[in-house]
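Note that the chains are named A, B, C and D in the order they appear, and that numbering of residues resets to 1 at the start of each chain.
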Amino acid sequence: MCRWLAYSGSPILLEELLYRPSPSLIDQSLHAQMGAEATNGDGFGVGWYGLDTTMRDMPDTRGPDVPVLFRGVEPAWNDQNLRELARSTSSGLFFAHLRASTGSPVQQTNCHPFRHDRWLWMHNGLIRDFALLKRDLALAVDPALYPSIEGSTDSEVMFHLALTFGLTDDPVAAVERMVGFVEATGRRHGVEHPVQMTVATSDGERLWSFRYSSEHQSRTLYVSAAISTLRNLYPDNPAFVGLSDETRVVVSEPVGSFAGAWQPFPESSYGIVQPGDDVIGDFRPREP
Amino acid sequence: MCRWLAYSGSPILLEELLYRPSPSLIDQSLHAQMGAEATNGDGFGVGWYGLDTTMRDMPDTRGPDVPVLFRGVEPAWNDQNLRELARSTSSGLFFAHLRASTGSPVQQTNCHPFRHDRWLWMHNGLIRDFALLKRDLALAVDPALYPSIEGSTDSEVMFHLALTFGLTDDPVAAVERMVGFVEATGRRHGVEHPVQMTVATSDGERLWSFRYSSEHQSRTLYVSAAISTLRNLYPDNPAFVGLSDETRVVVSEPVGSFAGAWQPFPESSYGIVQPGDDVIGDFRPREP
Amino acid sequence: MCRWLAYSGSPILLEELLYRPSPSLIDQSLHAQMGAEATNGDGFGVGWYGLDTTMRDMPDTRGPDVPVLFRGVEPAWNDQNLRELARSTSSGLFFAHLRASTGSPVQQTNCHPFRHDRWLWMHNGLIRDFALLKRDLALAVDPALYPSIEGSTDSEVMFHLALTFGLTDDPVAAVERMVGFVEATGRRHGVEHPVQMTVATSDGERLWSFRYSSEHQSRTLYVSAAISTLRNLYPDNPAFVGLSDETRVVVSEPVGSFAGAWQPFPESSYGIVQPGDDVIGDFRPREP
Amino acid sequence: MCRWLAYSGSPILLEELLYRPSPSLIDQSLHAQMGAEATNGDGFGVGWYGLDTTMRDMPDTRGPDVPVLFRGVEPAWNDQNLRELARSTSSGLFFAHLRASTGSPVQQTNCHPFRHDRWLWMHNGLIRDFALLKRDLALAVDPALYPSIEGSTDSEVMFHLALTFGLTDDPVAAVERMVGFVEATGRRHGVEHPVQMTVATSDGERLWSFRYSSEHQSRTLYVSAAISTLRNLYPDNPAFVGLSDETRVVVSEPVGSFAGAWQPFPESSYGIVQPGDDVIGDFRPREP
């Protein structure tokens, strides 16, 4: 069971969310609290979009919209470089992921988030009997995208299938098609419940989150309450000062210890954090 | 809190003890069971003495009596090389250690066991306020030994102090002097309970184990029951066939699930596993 | 340009060939001597078959015939564990490989040798425009073998194609078919000279070596002269004492400094080191 | 022989100096050009001071003046994270170091630059017979600083001696005293030429560089010509547009291929890059 966190809002230092809450995402990865698989020591990754606007003037060799990746194979709690970066890097849209492998090797190319141009993708869960399904799934990936699969995880294949099915044009429909295709492929091979997932993806402007599983017992996913609500609940807390009303955090498990701060996603749903009103809707897999 | 295991007896494959019992040492390092610090993901090490006698004819560049070390900085549960070695390496005397850092960096030179010529040393516990005491302790190390301190742990300094105080001549007295010296140094700096330790050390012939703490609430240490006892308890179990009566395992926590297999060391004691009768005695720190 | 070495003969310590000759394989990987790509710092691997016969009594969990792998992602010259293993591991049939990546990531699953049951495989060279050909090549792999591709190298795909085309039954024919298939696939995509390779493979009994490139300008490959010849040339050298007449070493570049010790493989050839007379023959790619 | 680069001037992306010149610092580390020890594959490090002023408003947990460190143990040419950071991190004062070990282990705590509060330090060279001198040198370190020695290099001990002798107050005098002390200690142990060094150190405002060796045959050190000179020489080159006249680069070996761009430091000298006129002077070791 992996853990992840996606942030969208006023630019903040990464450490504000990775290290400072108690318990923090990093704390949770080390000290198991809710089950047998709760140690997340099999690599980690952070991806962030171009810092504040002053930095956007700086010529970046891939363009300012391509997010930056930092991924490592050691446990996040031991990584000094992550600590240094978290205290010096601010971003208004970033992903963090702590991996607990379900079998594939611990190597940088298997660490989330995965990146394709401006898009990031991260996943908690698995495709069941992936070894059985892998070839059929890989063959369905757009041949032009096939060579950019660098690792060996189910998560990266899901990302490339979603790209194949139109992620950059209509993310919700593309993920619904991807899941529908994996479920159909799985059933053909006799796998009863092929998909278990929470997923986050972004293009640097909006943040899509998904909670779904074939058996309708999906892993947890939470979104932070509106900042205005939190300011009312905790009028004296400096953590919420200076954050715009649009600021949102999506997490696999709650971090910190603010009662009322987290709202669970419904079973089989998706959410969109974006400028203006956010959206939440039903997630319905469809065969492509 | 680190975990360790020391084996002395009929040559067996390392995997028999590292991977096969349920729960095994490696299982325990991942799945926390007994406390907040129970994830042991901060590096590992194995040290073993020259294989069976047929291998001793093979000219080894350091002599057949110098043990072989294999140490890594990733969690043991992820290390494919450890798995490969464990299934192909047999030894009649070996150490295994899984580290949970108490602050010093995760690097190979901080992984146990430590080696000096024919001697191995591993430790679970800590010297409290080590940063405060470190300089005084390091200065007491024999100047000829000082340059061979490669890492930054309290455990390696303890080893070099024990060597300074005569480990290779009289191990029990040397460790008693080492602890006495650390306690005296600690008290001089106002540290109430400087030492917490279980320690194993060997010269390739005998195996010394120590359980002690300044506050007399030492971490656990167990020794396996006599093989003859285990054969009587479990007459049908193949694990105990072919093991000599002299075979013994010393562990920080029990592995496997054999009731009656493990006897706790008394508080403030040492044990010697050796050809002929084993020894157990009181551990009494003495100022050098 | 990778470097590799394959040994078949009287059991010797790995360090005899990896570290002791001057210059040794490890020396060469660090100190570039013959060209721009001569630093081999992108990972390494060693694979060896079950030690001497006394060890074969030891129950190995995969059977004594499955070779042991030790692979790492750091430069071989820095790996302390490799040094330790080389001084304590003896084998009568082993592979060693030092990698210089041609683009794919530095990760353990991309390190040679690769293993399938009793078979080892290692490669120096490349498939040109591999990103262009990768999908077509991967689709031709036996679906039952497809999930066991763990990394992202051309070399591992070549191995799985050779297995698909009958490596375990008729190695020379299978490699000829594999190369013929890669060349046909390459030509279809407009790649002029798709294959550049020296390859070693073994089942634990025999050792097959291949030297070939589509442009007939293949990278170098050498086999050691007969031990009897070397004993005549160097009657006083202890290195050749105790080695059976059947002992042979195959290397990508000569190691050590014995004039007359190394014979080049002809362009487009294969060799078989085996009990009884060795074989050398012409290598002729054939379309499957 | 390590390689290093120190930059002071208009904020630029790190990749402008690490990757873009041809040959770049990273290129040079892989492709040996000038001698037997020229492969720099034994770890690397980058340290930079707080980005541009807009970032300084961001509350940094150590204060904006404490530089950020990123250090790794693999060869720099393979590190994907370094590539990502270099394309997204800009700084007006940064250090980069590529290590070739002279014997001490490849671990993060042995990678340069070293940091103490606002100060960075990096070194190319060695203390000869360091194992012999190490204890005497370590004992001379201020006891309050002793516990912050984390690794096992001569370079880090030199840094802590310089701090002991007043680096933060009068850097030139402190380094002269440090070298004088190491030379006196060396002579007492019969070491003829104890010190070989080029060193860079900074407090975030000024940059001090040193070139010295006991035998007066010091490793090379270069400083870039004035930007105005380079603009005259290369009026069409965009690399020099937008750089302030105060911008300077100090390097162990020239990078890029601009004739006239690099001026060697004299033997036994130091230089200060600072607001206003830069300084160059004679370096004279003095016994403390």
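The rule we apply is simple: a contact is a pair of C-beta atoms (placed from the backbone, for glycine too) under 8 Å apart; a residue touches a chain by one contact, two chains touch by 3 or more.
Note that the coordinates shown come from a computational prediction; the quantities given were computed from them, not determined experimentally.
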{"item": "Given chain B and chain C, the chains that contact each of them", "value": "A, D"}
{"item": "Interface residue overlap between copies chain C and chain D, same or different (over half shared)", "value": "same"}
{"item": "Length of the line joining the C-alpha centres of chain A and chain C, rounded to whole Å", "value": "41"}
{"item": "Where chain A touches two or more other chains at once, by residue number", "value": "80, 105, 108"}
{"item": "Complex contact set, residues of chain B against chain D", "value": "105, 107-109, 131-132, 134-135, 138-139, 143, 146-147, 149-152"}
{"item": "Chain D residues touching chain A - in the complex, by the definition given at the top", "value": "13, 15, 50-52, 54-55, 58-62, 68-72, 80-81, 84-85, 87-88, 90, 108"}
{"item": "Residues of chain D defined as touching chain C within the complex", "value": "30-32, 36, 39, 41-42, 73-75, 77-78, 80, 101, 105-106"}
